[in-house]
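This is the structure I have questions about; it appears just below.
For clarity, chains are labelled A, B, C and D in written order, and residue numbers in each chain start from 1.
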Amino acid sequence: MAETFLFNALRQAIDEEMGRDQTVMVLGEDVGVYGGSYKVTKDLHGKYGELRVLDTPIAENSFTGMAIGAAMTGLRPIVEGMNMGFLLLAFNQISNNAGMLRYTSGGNFKIPLVIRGPGGVGRQLGAEHSQRLEAYFQAVPGLKIVACSTPYNAKGLLKSAIRDDNPVLFFEHVLLYNLKEDLPNEEYLVPLDRAEVVRPGQDVTIITYSRMRHHVMAAVKPLERKGFDPEVIDLIALKPIDYDTLGQSIRKTHRVIIVEECMKTGGIAAEIIASINDRFFDELDAPVLRLSSQDIPTPYNGRLESLTIVQPQQIEEAVEKMMQLQV
Amino acid sequence: MAETFLFNALRQAIDEEMGRDQTVMVLGEDVGVYGGSYKVTKDLHGKYGELRVLDTPIAENSFTGMAIGAAMTGLRPIVEGMNMGFLLLAFNQISNNAGMLRYTSGGNFKIPLVIRGPGGVGRQLGAEHSQRLEAYFQAVPGLKIVACSTPYNAKGLLKSAIRDDNPVLFFEHVLLYNLKEDLPNEEYLVPLDRAEVVRPGQDVTIITYSRMRHHVMAAVKPLERKGFDPEVIDLIALKPIDYDTLGQSIRKTHRVIIVEECMKTGGIAAEIIASINDRFFDELDAPVLRLSSQDIPTPYNGRLESLTIVQPQQIEEAVEKMMQLQV
Amino acid sequence: MVQERTLPTFQSPPAQISAEEGLMIYEDMILGRYFEDKCAEMYYRGKMFGFVHLYNGQEAVSSGVIKALRDDDYVGSTYRDHVHALSAGVPARSVMAELFGKETGCSKGRGGSMHMFSAEHNLLGGYAFIGEGIPVALGAAFQSRYRRETMGDDAADQVTASFFGDGTTNNGQFFECLNMAALWKLPMLFVVENNKWAIGMAHERATSQPEIYRKASVFGLPGIEVDGMDVLAVRAVAQEAIARARAGEGPTLIECLTYRFRGHSLADPDELRSADEKAKWQSRDPIQRFEAYLIEQNLADDEVLKAIRQKIEGVVEDALSFAQDSPEPDPSELYRYIFAED
Amino acid sequence: MVQERTLPTFQSPPAQISAEEGLMIYEDMILGRYFEDKCAEMYYRGKMFGFVHLYNGQEAVSSGVIKALRDDDYVGSTYRDHVHALSAGVPARSVMAELFGKETGCSKGRGGSMHMFSAEHNLLGGYAFIGEGIPVALGAAFQSRYRRETMGDDAADQVTASFFGDGTTNNGQFFECLNMAALWKLPMLFVVENNKWAIGMAHERATSQPEIYRKASVFGLPGIEVDGMDVLAVRAVAQEAIARARAGEGPTLIECLTYRFRGHSLADPDELRSADEKAKWQSRDPIQRFEAYLIEQNLADDEVLKAIRQKIEGVVEDALSFAQDSPEPDPSELYRYIFAED
């Protein structure tokens, strides 16, 4: 076991997979000589050379398309979005070619591609660097979407994503890179399609992902003290969503709160609520509650910014309120 | 009254608004000399000259950004997406600059901009030309999103969109351009934020938009014959959604079916179901049913294509089934 | 009216082609032409649907470039992709069946006219959106270099040819890719088919500097202008570019001056191009010209050429029957091919 | 190591500047420098947050170009926008308050370091994503031409200057806009601040043809290379380009060879640029150089310059107090400014 930062867990994942498979490579802005803006590819350029850790010009649409072409012809590229927001410029390549091309080609090509990088609201990074693109991309067919949240799952998930034969959008969170955790010395993988029950409980199912997992867990402490017993589920897989795990929990608690960092309108929670409505309507003792970011571009001012995203206090209150509801 | 094709209703709207306000202009691929791929700008180039009906190179990201800059400095540009799908290349400009810039600038600039063009599944146009981008864009803050469905509302809505001081994404449907309807001779506007009750009824609320309105109405006929009395609502406004009108209906019928052409995952219905859950949960006698397109890129083959989107028959069956549910 | 651009005369020594090569190229051009004439017929008879973009008139480009490639080289196309697919070796049956949306089509009926794919023939595919195919082709070219240098695979000397139109050269992806290809010396051909129009937009109205091949100069790669109605000129230029690419000396931009004999797609009223312009270019029909050349050079006689034409008529008829008789995709497989495991 | 590119010597006759102009320019440069030194101080003292990109070293570009513009001309910037905003006339108080996220900031505290906007000063704004500001600026330039020609507004002869870095010139939007600006002869300056680096990416590693100004040639607009450490050289080039643009003769691409004296942002460890390189460029400090020039030409003496420096110190201190004392945005206005009506 070795205590490892999340950014380093990701780095290990890439390093191990590059060591294991010569077709694995990284490309993006400043991934090489600079070692990546968040050090996820530090020293890999020296170790693997400049073709395998390729510094690109600032041309997101084309280098993403290039990665798709390389994947179609047998490589396993990992695209780093220095910030995932920049990949809005590559939306067309990601949706039409990464997402849809396999289908449209009638199965001629597969596209083993990982697109990874930081998303989320940081500390006063301004609207454009604080985006949560999972909402914009969730409707694109053919993509898998994953969000990591701890050093352990970051490493295991990224390794699985690299080995997956499909395009995977892999979200990290800009404020989680310095999380630390003891990681096993032996190799491990974490499946891309399985939600994680972070804390089993009986009263209410709290569904969350990425950084909000930690806000939820911060809220759980005082709730425990007050005698509540919430079940916390980290989605991990944002597409497709693991409804088996969610269903088991809902059949037990009959109450659901979703805590997300993306905006409310058209967010991840919207889809989950609709699917719960489709699948588990009769299990619900109360309407599902969604706690989302405000539907606004993230303001720069620190106080407004913190009002924009969900805080632990609100989660705590929401649970208490939901538990008071008479069935 | 004059019988008018939908494409011509749009053309009239643009013509009238250009006549009324010198700052209104159109730009896009082949909008000028060619008159627009679907003839929406036919002859306007001759009438208004080449700066006001500007043929652009095929550079969606930049000409959309250019329209934003022109809007910030006082013009009222209308961008035609020859097919709305092409605007995936302009996603960054549409989200970051059209959608967010006013907020990020603290109100310094307003962006009176219309981005319009055909979306939707046509007749064997293939996956890339059959997109329903409303799902991808619905989470972007600061945008208004509208879908027209008849010559009457097409004209009135487009005129309102042009006069609106905000960026409006205006969806037309590739298969509705040749719809005909008698239009008033006098000028009229249709508000951008109001849903339309197409058919009042008591039994069940069917919420839909764009071309699916016509599939719904096709299903209503046999349902009427069988004695059902559904209420049909055309959303018109996809963002923000008119929950007043929806709420009134739901309080009356207590049953909701949503029929949409976008894909199920992360679609418009997902957001509406989540909002109904937020607002009208106790009014529901049954889980909301969503009939959406399949979560796949649109296949070219005609039979597969028709299986991909919702057909009137399915709507009919869904209503019957929902009405059989015991409360 | 804009002054017609003078076509460059083909200066290099006549491509030394054998009769065999000549006939192979001829057959490919005839196949492209006849195949698409049949598409037009089917479309106008209401048997084929969707957007169908034909290539008539531009055959010298596809045959000139692709027939100079090796079988294991890569080809990337656009929505105007039928003929590229045929030149790349995809059987006429598969292409026609795809146009009819059949399970036997090269994209299993899922892709259609604008999305011809064939992994088997290293056809990277048809792309419905302009420009988006260029980066994908760049990726294939990168992959060859990567394999050779990083994985020590000496056989990885494949070249990738990416085709696109004049209108597309105003799109950012074109320039982004020129830069990366030149920067990394990727084995790639950027083949611009300058047919003077992008739907209804005349090239000169869309671009501040109409001579596209010149743009290469500021990206540090060679740019060459060639008469795109002369298959041997195209072939000679392509061969040189391919040799450079294969030798690791980097990409080339080739601007082929050509013309499409039909509207943008079969739905295009084609009202903007003048009768004069059309006639002038029609008179340069690349097939007639090559026919004359073959005979003049004694590489073939009328009989031989006629036999080829008859053979290809048969191939096209066969493709059509095959396509029409082929089964539709199975509705139960609607969800197949979303993920690699399906 | 890559050979240092030789800086072009400024050949035209010395810009005829008056003492008044000279001091105005000097003051602007000092303001830019001192203002940002203060930002660095505040950031390192933990009083300022987020990504903060400083402009130290590049002042000759902002002052050289923007101070040659008219007040009603437009300026478009990037994330490295504080100094452009100051040159454009946005008060130091508003810029500093924005950096502190205050309601009195030029973007009401909503934008922050990378998003300085001021409609009043025709500052089109700072854009956090590279390249995206260029099309927006193009739109402002288009609007001027539109107003003049379509609306008959003869006063609409405003020029738009769009600033961006070397790294950005590999992005498609740059080329797409060069084309449209030249095609439509828009009154626009494309000002490339080539500071040799895009974060940790050396310009020569990112681009196949490092001389950016040359790229203009294939888009049919003039491209000019200028010593970006020499404010008068920049000014002279800008004035000419502005005159052309204003006269309806179209856009110009100006490549300013310059250098940033600090890391990419205040969070950048800046480990890749050699000490040598930094020292060489530091010795070309545009402010020291201009100081020397002013004195040599008897346009000012030490006293006058010192007075300006002291004045600006005061301005910056005042801006800082103003910013610190200003109120935060009202939380009840979290939803304000989403729509035009708010």
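By our rule, a contact is a pair of C-beta atoms (placed from the backbone, for glycine too) under 8 Å apart; a residue touches a chain by one contact, two chains touch by 3 or more.
Only a predicted model underlies this, so the values are computations on that prediction, with no experimental measurement involved.
Participant: Which pair, B-C or A-C, has more C-beta contacts?
Facilitator: A-C
Participant: Would you mind checking which chain's C-alpha centre is most distant from the centre of chain C?
Facilitator: D
Participant: Using mean CA coordinates as chain centres, what's the gap between chain B and chain C in Å?
Facilitator: Centre separation, chain B to chain C: 37 Å.
Participant: What's the distance between the Cα centroids of chain B and chain D, rounded to whole Å?
Facilitator: 41
Participant: Take the average of all CA coordinates in chain C, do the same for chain D, and state the distance between these two points in whole angstrom.
Facilitator: 45
Participant: For chain C, jot down the residues that touch at least 2 other chains.
Facilitator: 107, 109-111, 115, 127-129, 170-173, 176, 179-180, 183, 205-207, 338
Participant: Where in chain A do residues touch two or more of the other chains?
Facilitator: Those would be 56-57, 59, 61-62, 85, 88-89, 92, 96, 103-104, 126-128, 141-142, 295-297, 299-300.
Participant: Under the stated contact criterion, what part of chain A meets chain B in this complex?
Facilitator: Against chain B, the touching part of chain A is residues 61, 85, 88-89, 91-92, 95-96, 99-100, 103-104, 126-128, 135-142, 239-240, 262-263, 265-267, 269-271, 273-275, 277-278, 281-282, 286-288, 290, 295-297, 299-300.
Participant: Along chain B, where are the residues that touch chain C in the complex?
Facilitator: Touching chain C: residues 29-30, 33-34, 37, 55-59, 61-62, 85-86, 88-89, 122-129, 294-297, 299-304, 307-308 of chain B.
Participant: Quick one: in the complex, what on chain D touches chain C?
Facilitator: Those residues of chain D that touch chain C are 170-176, 178-180, 182-183, 206-209, 214-215, 217-221.
Participant: In their shared complex, at which residues does chain B touch chain D?
Facilitator: 22-23, 25, 49, 51-52, 56-57, 59, 61-75, 77, 92-93, 96-97, 101-112, 141-142, 164-166
Participant: Along chain D, where are the residues that touch chain A in the complex?
Facilitator: 49-51, 98, 101-102, 107, 109-115, 127-131, 167-168, 170-172, 198-201, 205-207, 272, 328-329, 331, 334-335, 338
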